[in-house]
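Pasting a structure here, questions to come.
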Amino acid sequence: VKKVEAIIKPFKLDEVKEALHEVGVSGITVTEAKGFGRQKGHTELYRGAEYVVDFLPKVKLEIVVPDAQAERVVEAIAGASQTGRIGDGKIFVSTIDTALRIRTGEKDEAAI
Amino acid sequence: VKKVEAIIKPFKLDEVKEALHEVGVSGITVTEAKGFGRQKGHTELYRGAEYVVDFLPKVKLEIVVPDAQAERVVEAIAGASQTGRIGDGKIFVSTIDTALRIRTGEKDEAAI
Amino acid sequence: VKKVEAIIKPFKLDEVKEALHEVGVSGITVTEAKGFGRQKGHTELYRGAEYVVDFLPKVKLEIVVPDAQAERVVEAIAGASQTGRIGDGKIFVSTIDTALRIRTGEKDEAAI
């Protein structure tokens, strides 16, 4: 089981959600965050205006999926969130040891 | 060292906190989140009303514990947060390479 | 690739950010959180006043870095966030399988 974490521009959340739905993702957790990447001191576009990049609002997605689905999920997020401009975001994949669906008691791939 | 992550219904936070206290957990981090599981387009109960499930408010708990305690912690969270209704939540366990308690400099199991 | 996660006192965010900048960190994600450590039922100082520690506001930092940089990053955070008082925080290091920079398609260490 893998966890795909993505930090993206907030206005891209809907498009990414649709792209994830199309590759069969059945669960997503979203957190409001703020962050910066490499352009500290330079400018990034936010809501049509240029900001000197300190912390900008971002959205963090977490999607836990079977190993076999992880790459497709990464591609779906990257495809839907790419604008070609700085600040498009990052995707990190890590390993989950065990997963549990609380209502049913199902475990691991069956729990997702 | 393991990290137990749980996404639960917000109104269950107090009960889960008590259950964790009873199994000897000494630290918890909580984040507000929103999410959905498998019922996209169906309904989930929230504050007594039915909502078509898009994103619903959830609470994310993170608890870092010694390996030997992880299973008991998962069981405590599952026991306290289960209502039997859809949307009860998910628990994910992963591995932490190193832990540090900033004030004392203690590491790994001693740091928790 | 490693993920360094730190839960610190909110008023320390600026100092920690500067310390991270000095060790060459090029990206940070920050989330508001609340938490408690070992002093449940005892008191912790927050904004100059003493609180019985239930949940107190904390800030969670996530910094993804090449393996070789992880230890320096942990030391930078610990150095800048330590006050010597209870509640200084925790740092957890874990392993990231793959990283992607969405705009450029770069992967792993090149993506950070």
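All chains are identified by letter, namely A, B and C, in their written order; residue positions are counted from 1 within each chain.
Throughout what follows, contacts are C-beta pairs under 8 Å (C-beta built on N, C-alpha and C of every residue); 3 or more make two chains touch, one makes a residue touch a chain.
Not measured: the values here are computed from a predicted model.
Engineer: Report the topology of the inter-chain touch graph, choosing from line, ring, star, complete and other.
Structural biologist: Looks like everything touches everything, fully connected.
Engineer: Could you work out how far chain A has to rotate to sit on chain B, using CA atoms and steps of 5 degrees?
Structural biologist: Best-fit rotation on C-alpha atoms: 120 degrees.
Engineer: Roughly how far is chain A from chain C, going centre to centre by Cα mean, in whole Å?
Structural biologist: 20
Engineer: Show the residues in chain C shared as contacts by 2 or more other chains, in ascending order.
Structural biologist: 31-32, 94-95
Engineer: Applying the document's contact rule, which stretches of chain B touch chain C when the two form their complex?
Structural biologist: That would be residues 1, 3, 21, 26-32, 64, 94-103, 105, 111-112 of chain B.
Engineer: Which stretch or stretches of chain C touch chain B in the complex?
Structural biologist: Touching chain B from chain C are residues 2, 7-8, 31-38, 40, 55, 58, 60, 74, 77-78, 81-95.
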